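Right, one structure below, let's go through it.
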Amino acid sequence: MAQMTTETHSGSPHRKARTHRVSDSLPGETLITWLRDMLLIREFENRCAQAYQQAKIGGFCHLYTGQEAVAVGTIQSLERDDPIVTAYRDHGHALARGMDPGACMAEMFGKITGCAKGKGGSMHMFDKPNWLFGGHGIVGAQTPLGTGLAFAARYEWEVMGKPCPNPGVKPGDKPKKKVSLAYLGDGALNQGALHEAMNLAGLYSLPVIYVVENNGYSMGTAIERGTTMAHDLRKKADAYGIRGEIIDGFDVIDLYDDFKPLVDWCRENQRPAFVDLKTYRYLGHSMSDPQKYRTKEEVDQFKGKDSIDRLASQLMGERKGKDGKPILSEARFTEIQTEVKEAVRKAMDFAEESPTPDVEAELYSDVFINPQPNLSPTRDYIHGVKNPLL
Amino acid sequence: MTTTLEHPALPEPAILPDFTKPLPSREGDRIIQFREALREAMSEEMRKDSRIFLMGEEVAQYNGAYKISQGMLDEFGPLRIIDSPISENGFAGLAVGAAMYGLRPIIEFMSWSFSLVAADQILNNVPKMLYMSGGQWGCPVVFRGNDGAGGQLGSTHSWCVEGLYANVPGVKIVIPSNPYDAKGLLKTAIADPDPVFFLESERMLGDKAHVPPEEYYIPFGQAALLREGKDCTIVSFGRPVNFCLEADEALRAEGIECDVLDMRTIRPLDIDSIIASVKKTGRIVVVDQCWPFASVASEVVTQVIERAFDWLDHQPLRVNTEDVPTPYSKVLEAEYLPNPRKIAAAVRKTLAS
Amino acid sequence: MTTTLEHPALPEPAILPDFTKPLPSREGDRIIQFREALREAMSEEMRKDSRIFLMGEEVAQYNGAYKISQGMLDEFGPLRIIDSPISENGFAGLAVGAAMYGLRPIIEFMSWSFSLVAADQILNNVPKMLYMSGGQWGCPVVFRGNDGAGGQLGSTHSWCVEGLYANVPGVKIVIPSNPYDAKGLLKTAIADPDPVFFLESERMLGDKAHVPPEEYYIPFGQAALLREGKDCTIVSFGRPVNFCLEADEALRAEGIECDVLDMRTIRPLDIDSIIASVKKTGRIVVVDQCWPFASVASEVVTQVIERAFDWLDHQPLRVNTEDVPTPYSKVLEAEYLPNPRKIAAAVRKTLAS
Amino acid sequence: MAQMTTETHSGSPHRKARTHRVSDSLPGETLITWLRDMLLIREFENRCAQAYQQAKIGGFCHLYTGQEAVAVGTIQSLERDDPIVTAYRDHGHALARGMDPGACMAEMFGKITGCAKGKGGSMHMFDKPNWLFGGHGIVGAQTPLGTGLAFAARYEWEVMGKPCPNPGVKPGDKPKKKVSLAYLGDGALNQGALHEAMNLAGLYSLPVIYVVENNGYSMGTAIERGTTMAHDLRKKADAYGIRGEIIDGFDVIDLYDDFKPLVDWCRENQRPAFVDLKTYRYLGHSMSDPQKYRTKEEVDQFKGKDSIDRLASQLMGERKGKDGKPILSEARFTEIQTEVKEAVRKAMDFAEESPTPDVEAELYSDVFINPQPNLSPTRDYIHGVKNPLL
């Protein structure tokens, strides 16, 4: 059996030698928010797992546990109106982007209060006000979309001279340079869609970053069994003249120190990039995965590098505030943990208590924005209730 | 009087064309080609709305593989008329992302035959984005290009994708048979906030007809009754409509007079006009350039049966292409396609018993 | 007595199963799961013919995402049971090349929903290779995997591809409804020198039934008459056949007795059995898990109309899934799918007037 | 307008420094056959163009003029039973592989004597006895097929222990190590299919060579307008851990000297390779191409490097036989030219005089090998006449 180690599956060493750390200027409170976000994701996923066991969640459900630093660290490197798109392992991104945990959980419960009114499920977390253009189920298919988001963001300032009327945009706002993120799993490296997308991004010079959440496996397939050049994925980027980086995803501050300058570079130069972001998932691929393809020791090794523990201990230890004391006291940490538990409990209650979609109003709505007669032999399409996030 | 359409997925209300305004006359002497009609439709809309761009293989510097976009690069510049590499899945997906963000892409497939490599984007994402996102994002892309056999292009280059794609709910499918309709329908397609598959025919791009100078939009879901007759209803869409007119011509010489209906759009399907005609004639022949099995022709027959079973004096007949991969050889291809002879024979058959 | 089939594209004559041999009994106590029946079919054929290999995502070391190929890596080794990356278009095309060279690939799509990214290979190359090459090369690949909605997988993961792919001539399409048929049909598919799309259902993989120990092959194009009745004909294929049986059960309590036909293969379509039944009952309901527009149900209705118009006492009715992208929510999905209630209602409707 | 030059669009310089030339050991007669093959293709394509103008050929027709050295030089590096597959610009490969010019021309005339019985046309040259697995119309779609040919060729010796019963295989023959070639145009570099194929070939270690016939344009698009890293396509191969080479396609002997060792290496090691083979097409993309995307000067510059002229002058000049005289005399050259003209004239006559397919027998044949009742609502499928090449 393939055995991955925390040594081999990590960021490139040059990273260690960095002299300037952009994170140095971050206020302590910001880092505490990150910790809170990561804790929130962890707790949220734990409760998802329970709800799935209780058959309150159906379909495919892919948990983010272990990868929290990736969503949080990358999203914190963005502006809030930079568009992002991801695959089906998307709860982490949704929460990190600020989706209400209630809307996220209610979606999985198939309730009308869910972010997709219960029509999407776990794989389809969409959040327009937070510029999250969806979780997507077909491996790789979101990468051309991310490319299109970058295209549009560039088009609005280059061609239109004004921003598209998206949430938060006010009349008279000037368009600005943006960056889009397209997250993908390591398994998506083998889909033609990604390659076409990267070539287009390189040719048209689009500000998109392809973030490979490289957790070493696509289902039961270790990366080197499915992907050539797994030991240096930057070669995939070289093929399109795109800047490629390997970034360690186990320490969220390190990650930010590597990723934020890259985002800035892409924004400034309006060029694409590609990141092999090393991470690890603690749980099975989805809810039914006996995980015979890896050892318990391997999983434990990575759990030993847990990004939440690490950040917590940094904030409670070496990372000192102006007063020379650690940024985070133990008491405050416990408080945050309680608060997060409470937030997720509320989300569960909200999901539980929300009504299911009204079949008559919802089955045939959201198919067309402009429904017309005779689009279907069955019946007419209609407009349903307004999405709760809008 | 235009109508405005509101929907939570629309950041601003959509302004829909005024379909109550009577359409300008089809008669006149402003004779242009089908390809020019398409170009006019795109250019007129692009002048009004900077969100619209055109992307596809050879659309810009080459002026279009079939010269549909001739001159558009000069007028709109390279940021809006964009040459793409041969990456249909990639740029179809790019259009989906761009449309979600707020743009209004027009994507030219050099041929719909090449859309198969983009099938996942155009069938999984385009028609379902609004539903999957619970009404947060629509996907207003117009995909257009050549569709249909003829011209000896062989098995891989002769797809009639309506036979495949019409099964999928969530897109509107438009298929004009002449330059006048092509312009009016394409303008409506571009203005529509939903995704549209617009099917042209390389065989018709040189067809000429009067296209009025004034602006007009043809509504979706309204068939055109091109000939009136009491004996049988002939229903078709796209290029074969022209074969139906020929067949009707021949039949009139025999004293058989048909209603000839050009559906113009497949989804929506103007079944009401079909039923009205069938209630008059009691007979129907459906002509479809796709393979027969589970085709749009099967669907029309089924809907007619569902709604006008008791009005029929003869079972509905269908004329499709022959049920084989498209052959190259001229003699084989000629027999493969629907043609006036086969159509007339089917009409006669409905009248025989 | 096996038959041998000669064709210039076959380097050696193909030995076809002996379909004159009566099939073993469906009754018995060798109760196995649907997934095991599939595994037995593949393993038995692989033992006989070293040209056969199985390729797909997670089929080898993981023992199959749905445990269909469990143990096959151990028996046949990594050169014949082959894990692939998530590259459906790539490995579908690899199979085409390998089949032309002389191998007999079985390609597992984890789900047919993922076959859309391979649409070009499976629709442009697979069904047309024999024709395009003028009879030089066939393309004997069996593509198999999960098809159909149910289980709350949402819009992109719930495809019923028969509604799309059945339009294309050149492939045989098989869709079993139970373990017994699944085994016999899959063995026939693997032995057949033509390409076959074999549609399984994740919802049925755990279904159990007697599967006889002796070897058997079920011929394509022969429907199974599962229930006999004089009042109405119910026709279906794949998983919904089971809903039809439930509906029939309920209807019998009301004194309504139906013929229930399990088509087992869509192409060939055993229209003869349908017509024979319709001539007896005068009524027909077609049940199809695909969207309605231009579906296999539309096709069945159309063929019935073409061949038995005068025998019908009521217009044929169809029960499809609802015409919307597949919703996730349990309540919506339950209403989306065809079910015994809808089927029984349709049957009653044919009898009402 | 982009201007390509014979300087920039050529093989890598290291080639010049080669010490050992495998071509040195080739008999003069062999080289003369190559010249004849190239002349045959040139003449054949000229007559195609005429026939197309006369509407004897229909559909899309892509001529090979200018690229002759590629098909001839690469195919001469193979064994005759190494499988190959190509795109739609396929007449050159068919003739170089030994297809009867009559069958090739008759195919385009849509005659029953054509290699695909008139069902395929110009883009679909298939020749089973000569191991040509087709010309294919969808850009890039043949590359997974070439990968599959390599897979099967490897499988027959690794798993079956005997060769598949293909043409020329005799009972008792031992299987052997083969190499497959998958030709593609430079435009096909941008199709996802190629990338999936190359990853598979790299992973499974398949003996396939992806031969990019890089003529600098896909239709009217100069390569650097459609493809990133056009100045070093080897980067595309690096992304899959595949050996990549740039080879000059204007001198067939040089080409052979570069390509033959690569074939040998792939065969021996059963590994894939990728070749950026620089070439140029003299005519338009297909029969209707105003060619405004390039200058006449550019075309003339490349015509000045014409591979046929070059080989002819080498064989009539510096390349001497044992007797110290040039291998090829002027008289013999004229003779060959006449012979080739005559062969193509005969092919034209054959195509002209051959019957068209019988509609009743052919429209519904070759759809299934095992036709069964009720496969179609229209009518039953049948068996037609036997393919003339079989």
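Going by the order they are written in, the chains are A, B, C and D; count residues from 1 in each one.
Keep this in mind: a residue touches a chain if its C-beta (ideal position, glycine included) is under 8 Å from a C-beta of that chain, and two chains touch if they have at least 3 such contacts.
If you're wondering where the values come from, they're calculated on a predicted model, not measured in any experiment.
**Student:** If you take the mean of the Cα atoms for each chain, which one ends up farthest from chain D?
**Tutor:** The most remote chain is A.
**Student:** Of the chain pairs A-B and A-C, which one is connected by the greater count of C-beta contacts?
**Tutor:** Answer by contact count: A-B.
**Student:** Taking each chain's centre as the mean of its CA atoms, how far is chain C from chain D in angstrom?
**Tutor:** 39
**Student:** Centroid of chain B to centroid of chain D, CA atoms only: how many Å?
**Tutor:** Chain centroid spacing, chain B to chain D, equals 38 Å.
**Student:** Among all residues of chain A, which ones touch two or more of the remaining chains?
**Tutor:** If we look for residues of chain A contacting two or more partner chains, we find 107, 116, 118-120, 124, 136, 138, 141, 190-193, 196, 199, 203, 225-227, 367, 376-377.
**Student:** What positions in chain B touch 2 or more of the other chains?
**Tutor:** Answer for chain B, listing residues that touch two or more other chains: 84-85, 87, 89-90, 113, 116-117, 120, 124-125, 131-132, 154-156, 169-170, 267, 292-293, 299, 302, 306, 323-325, 327.
**Student:** Contact residues on chain C for chain A in the complex?
**Tutor:** 57-58, 61-62, 65, 83-87, 89-90, 113-114, 116-117, 151-157, 292-293, 320, 322-325, 327-332, 335-336
**Student:** Over in the complex, which chain A residues touch chain C? Could you list them?
**Tutor:** Per the stated touch rule, the residues are 58-60, 107, 110-111, 116, 118-121, 123-124, 136-141, 187-188, 190-193, 218-221, 225-227, 292-293, 356-357, 359, 362-364, 367, 376-379, 381.
**Student:** In the complex formed with chain C, which residues of chain B make contact?
**Tutor:** Within the complex, chain B touches chain C at residues 89, 113, 116-117, 119-120, 123-125, 127-128, 131-132, 154-156, 163-170, 267, 290-299, 301-302, 305-306, 309, 312, 314-318, 323-325, 327.
**Student:** Using the touch definition from the top, list the residues of chain C that touch chain D in their complex.
**Tutor:** Its residues touching chain D are 5, 7-12, 14, 16, 50-51, 53, 79-80, 82, 84-85, 87, 89-103, 120-121, 124-125, 129-138, 140, 169-170, 172, 192-194, 220-221, 267-272, 299, 302-303, 306.
**Student:** Quick one: in the complex, what on chain D touches chain A?
**Tutor:** These residues of chain D touch chain A: 190-196, 198-199, 202-203, 225-229, 235-236, 238-242.
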